[in-house]
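Per-chain residue numbering starts at 1, and chain names A, B and C are given in the order in which the chains are listed.
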Amino acid sequence: MRIADLELDLDVFAGPFDLLLTLVLREEIDLLEVDLAEVVIAYIDHLEERGELELEAATEFLVLIAALLELKSRLLLPGEEVEELIELDPGEAAEELLARLLDAHRYRAAATDLRERLAAQEGHRFRSAPLPPSLRRASLAQAGAVYDPALLGRALGGLLQIPEPVDVRHMVGSRVTVAERLAYLRALLRRGSFSFDEAVTRADRVTVAVTLYALLELYKQGELDWSQDEPFGEITIEPGRRIGVLSPAGTSERLTA
Amino acid sequence: MNLESTLEALLFLSSEPLGAEALADATGAELHEVVSSLERLREHYEFERRGLVLRELAGGWVLSTHPDAEPAARRLLARPRTPALTPAQAETLAIVAYLQPVSRPEIARIRGVNAESAAATLLERGLIEEAGRSQFGAVLYRTTELFLKLFGLNSLEELPEPSEFDPAPELEAELRERLLQAGEARAGA
Amino acid sequence: MNLESTLEALLFLSSEPLGAEALADATGAELHEVVSSLERLREHYEFERRGLVLRELAGGWVLSTHPDAEPAARRLLARPRTPALTPAQAETLAIVAYLQPVSRPEIARIRGVNAESAAATLLERGLIEEAGRSQFGAVLYRTTELFLKLFGLNSLEELPEPSEFDPAPELEAELRERLLQAGEARAGA
């Protein structure tokens, strides 16, 4: 499959992936309004329908989507850089995406070269017999001061540094709703079981909390089962076996209204 | 015992490549004597068709078995020498080898996917190691001596120039076209 | 490659004595051929005055270095094993030195990355040692006497004050707590 042929049906856009790309580059669609996670899910659904994975196309897709994610994350940041980016003309933005693709190609070729080198060394084996333990360390009797204690202080000082928190004040507070998370979880459930961690990968705290609430709701309605082997262990979620047993008129609609 | 035989014994004991200076210190011989004895030892193994090979790898001298003994070694030790690299591991290793020191987020950015498990495996196998932290606190990676040794390299300079891996101009042109013109045409349609 | 050279390669790879039967299985040769080749190899080392000696020990054959090479081997290998510490090793050692006894999971939490290989190297070099187990069963580490000597310290009290390197000395929190908080912030970054 050509990536260009991936058909999308998003809130802000319906059509092939490469048209979306072009419209984003021409700023006819605001990248900030495109839910890239939906694009990824559409792509995965598409792959599943076809039951095959073309590595070439998959890599191209991954690199493009990563480039879009990065562009989007940079758009979310304040400062002059944004001005610059917003003024980036479609040609320049496409050049950036192209550069990313070429980089990926370059290092894939370098990887092939490394694999060939390793294969060419096949058969050269090195002796790995251990030295007697006494030769593996300095003898206490002969040891002198060779290390500077300041080395330890510096290392400790480095570990005490708390990294600058990322300034997110400029970002719009997340407006995740239970309805969105219900739809998202139902989409995941259609594909089978998954873990709670997968469902909230890179999500902020509010989203995690709302997701948990949505999960409780789906559990109550028998749409899913979940299990956890030990406290703080992984939570595995799978499609429920009780669908239809309970009243289909769940409470979710009321909750999300 | 002559210098060549003493060097043979020292090389046998060490699994790591040994620099000529360290060998000169240990034997009390002059550096140039050590270097010419090492050359003679290398030739001895080669011309006498011995089971061992002496090579200069990772900036030092190291003994290994002759590849012809590999089938017997495999039967004796009942395990392959080194597991081959998966494509993800090889890509991650290539990025570290060419861009070192490089952080994991950077690797992920180039690959377009997470490099976490590939990097963990490479660390575990001793092919890469930590090399301090970036200004943002991310751990940086570099390749190890073991990497050079296992890949038959004397130094990183022996790796091909990255430009040798540039995609063919036709491929670049095709990608450019697919990115821009195909989309433009659709948008206009 | 002839049998004698193949056997040489196999003996080179093994640190344990190898039985003639195992060598015959690996090489596909007859037992009596293997035995006579081993004898020839032993004589080769002896008559050519090589640096290696082939001996029959514990029911098997094993290569070792010639005793004449021992003084040089001692100079090469018994030199203090004190290469510069890598950043990962320095961080790990600092955590053990200041917080001892400290468990490996705690070290990993503070560093934000696994400390396994750094800790293993520090153990092997005798800079840290095990000091019992935590209430959760994790191995605890502390520094050794060798550590004090190599850092020129009379006691742990002589470690530099953390406040010298402390970016926020006004915070009164415990060192351990502060390190764990910073580690969590790094892991989340």
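In this text, contacts are C-beta pairs under 8 Å (C-beta built on N, C-alpha and C of every residue); 3 or more make two chains touch, one makes a residue touch a chain.
None of these values were measured; they are calculated from a predicted model.
Visitor: Can you tell me which chain is nearest the middle of the complex, judged by mean CA position?
Guide: Central chain: B.
Visitor: If we define chain centres by averaging CA atoms, which chain lands farthest from chain C? Would you check?
Guide: Result for max centroid distance from chain C is chain A.
Visitor: If you average the CA atoms of chain A and of chain B, how far apart do the two points sit, in angstrom?
Guide: Chain centroid spacing, chain A to chain B, equals 30 Å.
Visitor: Distance from the CA centroid of chain B to that of chain C, rounded to the nearest Å?
Guide: 21
Visitor: Between chain A and chain C, tell me the centre distance in angstrom, where each centre is the average of that chain's C-alpha atoms.
Guide: Spacing between the chain centres: roughly 37 Å.
Visitor: Could you check chain A for residues that touch two or more other chains and list them?
Guide: 125, 127-129, 131, 158, 161, 163
Visitor: Can you pull out the residues of chain B that are in contact with at least two other chains?
Guide: Within chain B, residues 12-13, 63, 65-66, 68-69, 73, 133, 136-137 contact more than one other chain.
Visitor: Enumerate the contact residues on chain A facing chain C in the complex.
Guide: On the chain A side, the touching residues are 125, 127-131, 135-140, 142-163, 165-166.
Visitor: Using the touch definition from the top, list the residues of chain A that touch chain B in their complex.
Guide: For this pair, the touching residues of chain A are 4, 16, 18-19, 21-23, 25-26, 28, 59, 62-63, 65-67, 70, 90-91, 94, 97-98, 100-115, 117-129, 131, 158, 161, 163.
Visitor: Would you mind writing out the residues of chain B in touch with chain C in their complex?
Guide: Residues 1-2, 4-10, 12-14, 18, 22-23, 25-28, 49-52, 63, 65-66, 68-69, 72-73, 75-77, 120, 123-124, 126, 129-133, 136-139.
Visitor: Under the touch definition given earlier, write down the residues of chain B that touch chain A in their complex.
Guide: 12-13, 15, 53, 55, 62-70, 73, 81-82, 84-85, 87, 90-91, 93-95, 97-98, 109-113, 133, 136-137, 149-153, 160, 162, 165-167, 171-172, 175-176, 178-180, 182-184, 186-187
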